[in-house]
Every structure is written in C-alpha cells, then in structure tokens.
C-alpha cells in the first residue's frame, strides 16, 4: 500500500483526481455566478442555498478545501522532486521546441492562482465565514447580490481578477487533458477530450472575466 | 562550413565541468554530426590536446548509444532521428552550437559528454521480461494468435532504443516514456499478461528509486523520441499501475 | 601437420544432433552452481547463451564494451530471421533450409553444423514468441513471413525493418531476468584484452574497465567468445564503430585457430561513400531489391554527365539504361545473391559507368519508378479508378512503396538529402558480415580446451557466403540451443575443480602483458592519430583484398600491412592516460589487432586459388566473368595457427565431406 501513496504515478493520479473535482466545482461556481448577469434574484436564491444548506456547508465545503489544499501541496511536492531530478541544469535548454509554455509552467500559473485565491478568500470567504459563524448575524437571503456587486466597483480588483483568470485559462489549457492522461485515459476519444479541454479552458475563464467586467461597467 | 562549438568538458565524474569553446572549419554539409565531432577530435589530438569523449556506436540510429543535448534539444534539432543521423546540412555556416551531456540525476556524467545510463538497465532488471526458460519445447509460435492491431502496437512500443532522450528532454527528467514502453509491449501481448501486475509495480518502484522525476504530461519526450514512442504508452502504464495497485 | 578433429557425430545427417545430445555428458543441477562461465559479447549469440546458461544454473559473468548489453550490433539487423516452420505451406522443410544454406555458402560449410542449424531454427521462433518478441502478424493473428534472396520459399520471420533489434531485446530481457536473480553478473563498459590459459585450458580473462581504466582479472571454468565479426578491418563497413576483433584475435594468438578469414560478405545495397570525412556506411535492406531495379547509364558519357551533375537520372531514356543484373542473370534478375550483385556493380563502375561523384565513381542506381507505376495501376484497379492520370498512378504507387519501405526511404533521405520516391537511390556494395572466424568443432569449442566461440565470431555455418536472414538464426541457435548443451560435456570434468584463483602466475603474466602493451601505446607519443592508420589499413584492404582479389595485389597487401603496422607502433599517438576513460586508447588497441588480422586475411585469400562465395579471385573466373570454384583442391576449411607473424601462420586443413548434397556450380542465370 505504501507504494500506492508514495509512487510517482499514484501522486499524479491523486493530482488528477483533485483536478477533476476542481473542474466540476469551477463549472458550478461559474454557472451560479453567471446568473448574476441576468437575474439578481436567481443569484441570491442559489447563493443562499449554497451558503446555508448543511450538506454543502459541512460536507462539500470541507471536501473542496481539502481538495484545493491537496492540489496545491502536492503540486509543490512534485515540483520539488522534479527539480531535484535534474541537479545540474542545462546551459542551453530549448523547452519551447518540444512542449507548450503552459505545460512547462503549471507551477507558475498555479502560484498566480493561489495568490488570487488569497484575494478571493479575503474578499468573499472570510467575510462570509465571519458573517455566519463568528458574528452569527441574521441571515438575509437577499444580501448576496449586493455584497458581490460592490466588490467589482474597484478597477484594481477587477484588473487583478481578470489577470488571474488569464492564468487560470493557461493552467486549464494543459491541466484539463493532462488529468485525463494521468488517470490513464488515452484512446480514440482523446482528440475530443483535448478539444473539450481547450474549450473549457477558454470559455470558463472568459466567462468569469465577462462577469467581472459586466459588474464593473454596470457600476459606472 | 565553419562553426563555433560550445562543449561541456568534464574530466571525470567527480570533477567540476565547464563549457569550452572550439572552432571547426571546412565541414561538409553531408557529414553527420558525429563525423563533425570526429574531425574536431582529430584536430585536438594533432594539437596535443585531449579529445572530447562522447558515446556512439552503430551510427545508424538503432543501438541507442549516442546521446548529446544539441542546442538545448536531445539529438539536436531534427525529429525522429538520433544524433548519429543528424547531418550538418541542418546547420548554417557560422553557427554556434551548444553541445551538452544528457542531464539527469539518474544519468551521472562519466566524462565530458558521456553519461551513465545503467539506471535504465536496472529498471529493466526489475521486470522487463517474461519469465520463460529456454527449453526448445515452449508452445508452438502460432499457438497463441495475437490480434494484429495489438501486435503492431506492442511492436511500436518495443522499438524503444533506450537512448534516454525522453529523460533529457523532459523538464522533470522523467523516465516514464522509457518505462511505459516496456510495460506496454508486454501488457499488450497475451504472453506478458501473466506477470503484468508484478511487472508494472516493480518497474515503477525502481524508476522512482533511481531518482527520475514525475511525468507532467508536457509531451516533450514523445516529440524528441527518435523512434516516436507514443504518450499513449504512459497512459497505458498509468492504467496498468492503477489496476495493479487496486488488486 | 596436425589434423583438426571436428567431432562430427556418427550416423545419418538427420539424427546426428539428437544422437549427440543423447550421448554427451551432463552436469547435474547442484554441480552447475559450482561452475563459472565467462561470456564475452552480449549480442544475439552471447546474450542468448548467457541467459540460457544462467537459467540452467551456471554462474555467468557477461562482458560487453557498450554501456548496456542491449546495444550490441545485432540490434542493427534489419530484414529477418529464417526458420523452417513451413507456416506458409509452400513446401519448406528442415532439409530445404539446410540445402539452401549449404548452396548459398557455395559448398564451403560443414553439412552437420548446417543441418543442426536448420533443425533448431523452428525452436528459435517458438522461444522468441514466448519471450514477447513482437513479430509481424497477419489479420488472423498468426505469424507473417516474407521472402529473401537466393531461396524459393517464404520462411523469413520479421518485425518490420527492425528484426535484429527485437530479437536482441528478447535475449536482453532473458538476461535481465537472470541478472535480477544474481545468476548473471553483468560487466558493462568492459573490454576483454586477453584470455588466460592454465594447464592449456581457458580459465579466465583479463579485462579493462573502460570507465576507470583498471585492469581486472576474471576467472571461470570456461570462456565463451561471442564478439561478432571483423568487418571493421576495412575501416568503412556497416558494422558499429566499436565492433572489433580484439577478443577473437587475442585468443587466436593464444592458440585458437582462425578459419577462412578471407570469406567476407560485401553487401550490395549500401549508401555510397560521400567523402573523406565519412566514418561508416549504412545498409539499405536487401528487401529493397524485391521492388527496385538496378541500373547504370548505357553510354559512358551519360554516366560522366550524371556524376558532374549535368544530367538527371530521370532524364535518361529507358533505352539508354543498362539494367545489368537483369541483362546478365535473366532468371534471378535483381534478386541474385549478395556476392553476385556486388561484383556486378563493381564491374560496371570499374568500366567507368559509376554514377556517384566520389574519388572512385562508386555507385549505381536502385530505381523504384517501375514498381511505383506497377503498384499504382494495381491500386487504381482495386480502388475502381478508371483511366487514372499518370499523376494519380504515381501517387497511389508511392503509397504502396511507402507502406513497404517507408522507414528505409526516410533513412535514405535523411542521409543523402535526396528524395528516393522521385529520383533513383544511389547504392554501392559495402563490407557487411564476415563468414570466417574462430575455428570451432561441432561442440563450438575452439582448438583451446574450455574456450568456445559462437555467433559471427566463429566460422561454422555460412561457408563462403551467407544468405540473408541467416545470421540472426545462427546467433540464436548457437546461444539458445547448441552451446548450452555442448558446454556441459566439457564442464562435466570440472565439478570438483572449485573456484579458479586469480592470484596465480598465469593471471599475473597475462595481466602484465596487457599492461605493457597499453603503456606502450600511451607512452608512444607519435605524430598520427589512431584513425589515420585505420583509414590507411582500410584503403589497402578495400583496394587489394576487397571484392575482387589477385595474387599480385594480395602479395602487395601483405607487405603494405606489415609496413603500416610497423609505422603504427612507431608513430601512433594516444592522448590521455591509461587510468581513465580513454576512447582513443580503446581504438588504438583494436586497430593494432586489425593490423595483424588484415595480414592473415590477405594471406588466406592468397592461399585460396579459387573463387567461391564472398572470395573472388580475378584469376579464377569463367569467360563470362563468373566465379570459378575448384572443388578438387579447395573443399576444405583453412584453419590458421598463429606463430608470431600473421602472414607466416601455419595452415591446417579440415576437409569438408559432402555426403548428402551434390556439389554443383551455383548458377543464377
């Protein structure tokens, strides 16, 4: 059993499984956010549900947090090991000749996303936790839309968000299909998976950017 | 052609190495890259200097002995070829060419451009075989039909020449393509299925012990592989490994 | 003069091997554990022998100069491996394979050995498939066969153009299993530099660790030499750069007779020499002659214009082309055996019709345009294309050619920068395989007790010419199925010997000899590099001991090689030290041995006053320029005993008796 946990392949598979979970999460996060563009009420309703449903709050949320932390920690562990596997570096290394920038720099796109998550938690998650559990304030099912929109009045924050989404796109551009390869999925459907991955990697972050810009310009 | 060469020189495994600069002149574009190095060495010997050590043998792209990271790529700028099959017409007069050994913790330098790739052998010792003794009375060769499609795929995986370009190209110095090629060859054949579980577990374990990095699916190995070994093999090994682990 | 005992068993040809196996002594499993065997060389023969002996229980020490046993030059064999399986039901049998091999060898090999080879050929395929060698298969999942030069059946098993690689990796995997079990100790990057004899028996070797330069003593109860051929005596050949005759030559100097060194195969389809900077020649598989037509221009002025680049081959009209193989050998055409095809190419080039612009104009065309057209029309018919345009036919035809020979065409384009789909390939013969080698008896033992030689390194099975796809067969037959039995007969005496000590005077002396000769090379400080001498040796060999030889040239060669050798020892310069990784030192030792072997080679060629197989003496030809054998005087194996100077070696003759086949003139007309 120890081999399963320690082996390079097992770690990659674990990385991929957490990635799958995050991909699904990201999609649902996007879908909920997107409702804010056309219906504040729907957005409030969904946010209220997500914020108060015990299944989401006490089961899915911890899993998500563990998934995120795991994905990052494992990413750093793998990076450290990979770095040490070439103890003397090349004087000249043409990485671009045989692999995409995205695939070679997952750690950097990942770090940018991590930094963004810090900002994002500061903006939403910490206040939310404080609201619900620290101060135990009264729940107002209509508060979410307003709390969200106000954050996007600040052009600096909107800029940072957009930048982070670009890195998210780069991360996904490699990560989506890579996760399939890691769990051993490579067959006649692989070209389709790759296309789907590209579409996902572009459309989801683009959608997030659209939402951010929409609320910013709406506020002017 | 006249060229400037920047070559890694290192007296032995323990010595500190450095890049040195050399000039070669009147190189024919029809010469192979290794013939160009032969000329440099002849020149160095005549000047009373030490020739550059580099590995090579068959010089027709099949033994896997030649290596060299040329201008930052294993086996140089061509695709589907080894260094010995690279010809000087790929370069232009006046070029500067960087020549370094394949770099990986699991491939320590022996001298100059020569590295020790016995880590690959040890991965094979861990399970790169089918346990059958030589007796002369194994089953008739046509006793087990093998689906042509699978036989062809097994062959494609088996064409690996063990040169180490996959490791050299990989930003993580991972040996997954090499290991998966052997795992795949046997996983695809009925003869190899019997020991499939033990084989994949043991070979991966040895691969990790040797200090190779992880696969991050950049695909550089497949592109630089002189024999075009497919990434599909890595996916197959991942599958085989998962199956074996859960057994 | 001593007569050689070939130890061929009595009885009818077909029963000899079985009877022999039933009568030779065996070593019981418990005793095998007490016996060590050294195997030098890890190609098909050495690798398969190492694995099999270890499986039987012997302690094997295997040596190779490469960084891994997987890199031995067997890996470069392209075409295939013969076996009398008769899977195609085309009338093949053990006898037919035996007969084709004897005839192909121009009646200069031992009947009993060749029959045994044919007999075990089927087992080889079974064994390899069981090991997971991915041979080509048909859609029914069964093994596929192809046809090769000089035979009338399809008996060649193959794995695309990489059969040697797949078979070698099979043997390598069998070795790996034994290495993992500790039954084989593998010494990579080690070169054997001498054999050690104790009381007249081979009891060990002196080897140099190529990484540290350390000289090591290794002992064993028997020593097996499986180090391949000596083609690199020609400098340019299809052999690997490191392929060498050192182990074979060292044992020759210690008493093993060297047989038929003049039998060397010049392969007709190689990429021609392009210039002085060239280091080796590349083979284009014999299979290309199935579809390629060989020609030179009919007019000498056209040939000159082609060489000067003024005329393109595609612009030469059909009637101005000389398809000389089809002209001279109408019944076999472009598929005549290798020796015949090579000589015909040389004849045309010597006459001034060569098409390659190198110093000797050596090159002819190998043209696929007819095949492309033929296949194109066939495909158009199959695909129901009516009245196809010329372009369409060419396109369809090229697809067929690409599927059959794609990798070879790519390789050709890579090396020459020419597109062989559009313009004919240029080819020329090159040194490829050496049929001659260490003399061995039926048990594969040399004239030194306990010293064996297998694979290309011995002389035994191919006579004066080897047929395509037979080298792989012989290497694996020796290693998997012959030596493991026959060596037991000798080792049965050694079950009480115990480990062989290495601190004896014999080992000490042998080590001192090796160290002295290395020191001599290192301290020589001459003015020329090793390659300088190797290239000169190659020139002498190619020009005077090459495809066509005559007494005058051979006498000159013997003289010139001796002079060159003297000059080598005076003027060679080996940089660096003995105690480190030193590739120039490795080369120097090998070339020093080639400089002796070349002389014996020429001597053997001079002694054999006939033309047979790969040995062609200009004095012995028919009026039409075909080889003329002299069965009355030369139906023997020439086994040479070393006496101090190669050209003064003593000749021992082993008469070849043909009881089952009738000696005939080979005709491919």
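Just so it is clear, A, B and C label the chains in written order, and each chain counts residues from 1 on its own.
Convention: a residue touches a chain if its C-beta (ideal position, glycine included) is under 8 Å from a C-beta of that chain, and two chains touch if they have at least 3 such contacts.
Computed from a prediction, not measured in an experiment: that's the story for all the values here.
Among the remaining chains, none touches chain B as well as chain C.
When each chain is reduced to the mean of its CA atoms, the one lying nearest the mean of all protein CA atoms is B. Ranked by number of C-beta pairs in contact, the top chain pair is B-C.
Separation between the centroids of chain B and chain C, computed from CA atoms only, is 26 Å. One simple way to say how far apart two chains are is to compare their mean CA positions; for chain A and chain C this gives 62 Å.
As a whole-number value, the distance joining the C-alpha centres of chain A and chain B reads 37 Å. Shown for chain A are the residues that touch two or more other chains, of which there are none.
For chain A in complex with chain B, the touching residues are 3-4, 6-13, 78, 81-95, 97-100, 103-104, 106, 174, 177-178, 181-187. Chain B meets chain C in the complex at residues 11-12, 27-28, 30-32, 34-35, 38-39, 41-42, 44-46, 48-51, 53, 55-65, 78, 80-81, 85, 87, 89, 110-111, 114, 116-118, 120-121, 124-126, 128-142, 144-148, 151-152, 154-155, 158-159, 161-162, 185-186, 189, 191-192. Across the complex, chain A is touched by residues 6, 8, 19, 69, 71-73, 77, 98, 100, 103-106, 109, 169, 171-174, 176, 201, 204-205, 207-208, 211-220, 223-224, 231-232, 234-242, 245 of chain B. Across the complex, chain B is touched by residues 48, 51-52, 55, 66-68, 70-73, 75-76, 85, 87, 120, 123, 125-143, 159-160, 162, 165-166, 169, 172-174, 176-177, 179-180, 186, 188, 211, 238, 240-242, 274-275, 277-280, 282-283, 410-411, 414-417, 480-481, 484, 529, 531, 573, 575-576, 580-581, 583-584 of chain C.
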